[in-house]
Amino acid sequence: MRKIKAGVLGATGSVGQRFVQLLSSHPWFEIAAVFASERSAGREYSEVAKWFLPTEMPGEVAEMTVKSLRELDDADVDIMFSALPRAVAADVEKRCAELGYAVSSNVAVHRLEEDVPLVIPEVNASHLALIGHQKKRRGWDGFIVTNPNCSTIILTISLKPLMEFRIEEVHVATMQAVSGAGYAGVTSMAILDNIIPFIAKEEEKMEREPLKILGTLEGDRIVDASFKISASCHRVPVIDGHTEAVWVRFAETVTAEDVKSAFESFKSELKTPFSPKNPIIVREEEDRPQPRLDRDAEKGMSISVGRIRESKGEGSEIKYIVLGHNTIRGAAGASILNAELLVELGYL
Amino acid sequence: MRKIKAGVLGATGSVGQRFVQLLSSHPWFEIAAVFASERSAGREYSEVAKWFLPTEMPGEVAEMTVKSLRELDDADVDIMFSALPRAVAADVEKRCAELGYAVSSNVAVHRLEEDVPLVIPEVNASHLALIGHQKKRRGWDGFIVTNPNCSTIILTISLKPLMEFRIEEVHVATMQAVSGAGYAGVTSMAILDNIIPFIAKEEEKMEREPLKILGTLEGDRIVDASFKISASCHRVPVIDGHTEAVWVRFAETVTAEDVKSAFESFKSELKTPFSPKNPIIVREEEDRPQPRLDRDAEKGMSISVGRIRESKGEGSEIKYIVLGHNTIRGAAGASILNAELLVELGYL
Amino acid sequence: MRKIKAGVLGATGSVGQRFVQLLSSHPWFEIAAVFASERSAGREYSEVAKWFLPTEMPGEVAEMTVKSLRELDDADVDIMFSALPRAVAADVEKRCAELGYAVSSNVAVHRLEEDVPLVIPEVNASHLALIGHQKKRRGWDGFIVTNPNCSTIILTISLKPLMEFRIEEVHVATMQAVSGAGYAGVTSMAILDNIIPFIAKEEEKMEREPLKILGTLEGDRIVDASFKISASCHRVPVIDGHTEAVWVRFAETVTAEDVKSAFESFKSELKTPFSPKNPIIVREEEDRPQPRLDRDAEKGMSISVGRIRESKGEGSEIKYIVLGHNTIRGAAGASILNAELLVELGYL
Amino acid sequence: MRKIKAGVLGATGSVGQRFVQLLSSHPWFEIAAVFASERSAGREYSEVAKWFLPTEMPGEVAEMTVKSLRELDDADVDIMFSALPRAVAADVEKRCAELGYAVSSNVAVHRLEEDVPLVIPEVNASHLALIGHQKKRRGWDGFIVTNPNCSTIILTISLKPLMEFRIEEVHVATMQAVSGAGYAGVTSMAILDNIIPFIAKEEEKMEREPLKILGTLEGDRIVDASFKISASCHRVPVIDGHTEAVWVRFAETVTAEDVKSAFESFKSELKTPFSPKNPIIVREEEDRPQPRLDRDAEKGMSISVGRIRESKGEGSEIKYIVLGHNTIRGAAGASILNAELLVELGYL
């Protein structure tokens, strides 16, 4: 099988390097072009990317000449993976769709647009049907598909199997790894022996995105899920892996055992290379999941839940811990899984 | 003024060292005896205490001979500060009260007993009236006064000024420092680049103790406050300072501004050496309080709150961050402040 | 090929878990028995080992019943891998050799005995000839082979290719990971935001062991190498991976380029499963090797060197940084590689 | 006594904030002006300085309007403390001296100029005599005095009392705190669970600066000390406090006891506010000094030494550990102590 040609937009940054790492050994895709800012363009990838992953920089990408974002037109590419800075993403991603490329984007900028699918394959694959409306409405040959914010993905996968119990309200407190802020996003002076109880725009995303993802496709639009989410987001001195303390209040009477069963019986029908066998791993130990021990479960594509227990809060409330790898399951891996779904469903 | 003679029970451990550090320069108290396990008894304090505080071990204590817990009877001491391991605390503290000593204890074991005051001076000084009932009922010359668990103190001080809005429900997620587990409580292999989303018995304490403290003294007993608390407790790689993300739901309609005003106008009437001028410091910055920057506010005796904002949850809900020094305000300093209150109110 | 049956002595500790992890997928060995202290004996491995590695506990070992060290006699085992605490290792390992087992030990206790090989396969495989003398002298059916201390292995591999320039003196400062002290060896209170400039007995080992390893086999004994080593050892807040700053003074005039070439041309003849293709990887970046990025090179079995530069010290001196994975290349992996060498050379 | 008016150049950065913190409560100096880049100029200090010290920003400075570096001419200031970025320091500091200000600089740029004193008061106060030559040669009304690099200061204070034994050669490996790189100098992704074995230009400074400081004033120039220094510099995940492993080789036969005595009998004659009573504190514990425990000794102005032991290296060699607070003793505090010395000696 001929490999599908992929471009990486914003290839030198934190998520960009994950794209390069994960795609370089992907059985379906091959990296055909890497794009970055004007400053890096025209130079070898190995010269301009300050590589910080513990695996070696893939040799074939190391020697590629980085392209400028003004060289989009004649890229010999089928799909663009986007890890662009927010400021430039809006224009560049639209331009790519216009030029006929499929765009699988990890950037926030288009996520909430009405005709843009915001997808987690195990949760709402059907929302890809928006692609048709999007292309038609915008007159594009290509299209844009997005995945949610890292913290949102982890939370939302865990909420999906609980929808059957009629969720009324969610409280969530996050403990987020520094890699989520990009390579230079959190200085060591700020986080050693410390917690930063604030992440710009994060709570807003967590309170909004899950409602679209867990919403219902009706004709050419998504009707949002109707429960309420209140998030408090915090940065901790952890390299990779977001941990979230979650409380879910239900309209129905639900036991911890019910929730555990729902997690355990949640399976994915997708059998693609990045699709985890178990999207949700249930940990039985009293002190798991933990980021250092559980973030790499199923190559970083599974989320882990644990400490499922009944809450002393009002009504029928359950609390649990959920954890996932923020730059794999929560970012680059999420976009790649979306791309795999596009292939499976014939969009690519 | 003659200084009040103090004994420290469990003087070599994490909280015990804080007692030694804080009492050694106290204007009212002087350390007259230090007690520890059989293993340490009979040797110089400097030999048996692996000192780990960044200030020097106080010279006069360094040279004291550590006493065994079997040498309680003839200690020339007015008050015992207790940082004993839970297993021995029950018997030893009772024995001390029997022998006529006042006991100011940081240990959990007696906190919830009906006739034992569980006190934070700024919150429920009136509960000390239980002392009379306690002495009478038990036939003791001395008595036991306790302070709450570290996380509880920090949370409860912040809840006190909000009681006027009629609290219905509290959700709290903690990010707790390793010093809270004692010197050897958390191995570095467990916590470097990691979070442990579990602390034994901590959630139970946080869900129960505030209700007693915020309860009402009626005759010889406390009627608990009636709202609900649901806690999720987590250990983070921070040395000192517990951070807590709090949601409070009110029966009344309350704005973030109301809550901020309530915090700001909360003052302490106590003017003793360890009493902070401002029990609650309100931080205006979007990313404060932070443990490394705020834990030492007013010598570690103030708590700091910030990020007061309206919640997207059901009803009238406010969320905020609260932080305090767990081994000062949350442990040794709390017991010392209680002892100062005992002096002020004539119990000592 | 029938797999060789392996026992793991001290299987629940830090190095013991690495043995279990690494052997469980080894093509030549299979774990037939796990031994630990009386306290753990008789229970399932999964119950007594507080597993702290980021890969799952191997299923087949999880269900094994842990054996006591008094059940050595009838173990159905060909080779014992030893990660015992020093206090018990001396007797137990000798008893194993007596009982006819091959013992590949990571413990310090027998390393410097005259007839016990202290071996790094890439450096001094020939020293295994001591086995014959050992068996004869002691009247054992089995035998003991040892690998060096973690810091020593990393240093010594780097010194081997430099022997041709006639080393006169070595200065080495280590920055050692906490895993080297065992799971509970370094409490978080001791090492967060801190350095401990002392590791018990470590400097003595580093100053002595390399001289035996780099010594010459003459008849039935090793004549030590004759240069001098001075070590300063320090613990740093790193989970895995020891970093060492090394200065080597030579009798000959040597350039940084000479040293680099010597490192690059150093190859291993061993082609066994754990043998790294490149025992020494030379990093060209100005700020490498780094523990988080380089410790896992070739599955943790290669050491990485970098920053090779001429020193301003007296005479002909070169300085460089060397780094290796302390619990893989420096401990469990080292013992396994020695066992592979025993198989290759027919000792097993 | 009228306070001496001080300006702080580069007042918003890491060292600049330390200047503001330390000078704000200084009995001799008062902050009269704060200077920063064009971007910050014209705005309140509290608005532009992202304050990261655990003490509160001094109120009187918080409200000062930050001045641009083009407003040097009419500053009502007696002395300028400089924490400027290297790129602008050369011109700005010279311009200040020209304008008649005394400049006490922490910047590297002028340190090695022949007529610029590079001073540690306890070590080479006499070198201030260069000021006269400097003013004359350059035709300046003011002058520039510098203090060494942070790592150099700590090392050099420890070497001073050992000069009597005739030092021949020094090897030093540093473990340097992240604050030494400035607030945003080391990203958390780079240093969590990691070591960076490289600090730009640091080894060069450590190998060169001590020779000037320990050199001899002969007429209008310094004759450098003649021993050799070889340094290896490394960044560790510590917030404040540089730890250095030092080997010193002597021409004379020297014991560990000799070195210890020399350290202990080293006293400062200076009795100014920032002058530590004991410039060198000798720790007897086997595992001290440690940065978190010892960096704040005598308000961060003392260095601590420990683990003094004889080396297995060639000749008469001693090894020890030395530690100091890099942004107090090693930077802002050093410049302030130099300024105090200028006052004492009548230069200011």
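Per-chain numbering from 1; labels A, B, C and D assigned in written order.
As a working rule, contacts are C-beta pairs under 8 Å (C-beta built on N, C-alpha and C of every residue); 3 or more make two chains touch, one makes a residue touch a chain.
Predicted model only: the values in this text are computed from it and were never measured.
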Between chain pairs B-C and C-D, which one is joined by a greater number of C-beta pairs in contact? C-D
By mean C-alpha position, what chain is farthest away from subunit A? D
Approximately how many whole Å separate the CA-defined centres of subunit C and subunit D? 41
Between subunit B and subunit C, the Cα-mean centres are separated in Å by 47
Enumerate the residues of subunit D that touch no fewer than two other chains. 52, 192-193, 237-239, 292-293
Complex interface listing, subunit D residues touching subunit A: 14, 52, 178-179, 183-193, 237-239
Flag every residue of subunit D that touches subunit B in the complex, lowest number first. 52-54, 192-193, 239, 292-296
List of subunit D residues in touch with subunit C within their complex: 168-169, 171, 173, 175, 192-198, 207, 228-232, 234, 236-239, 243, 245, 247, 249, 286-293, 306-307, 311-314, 317, 319, 321
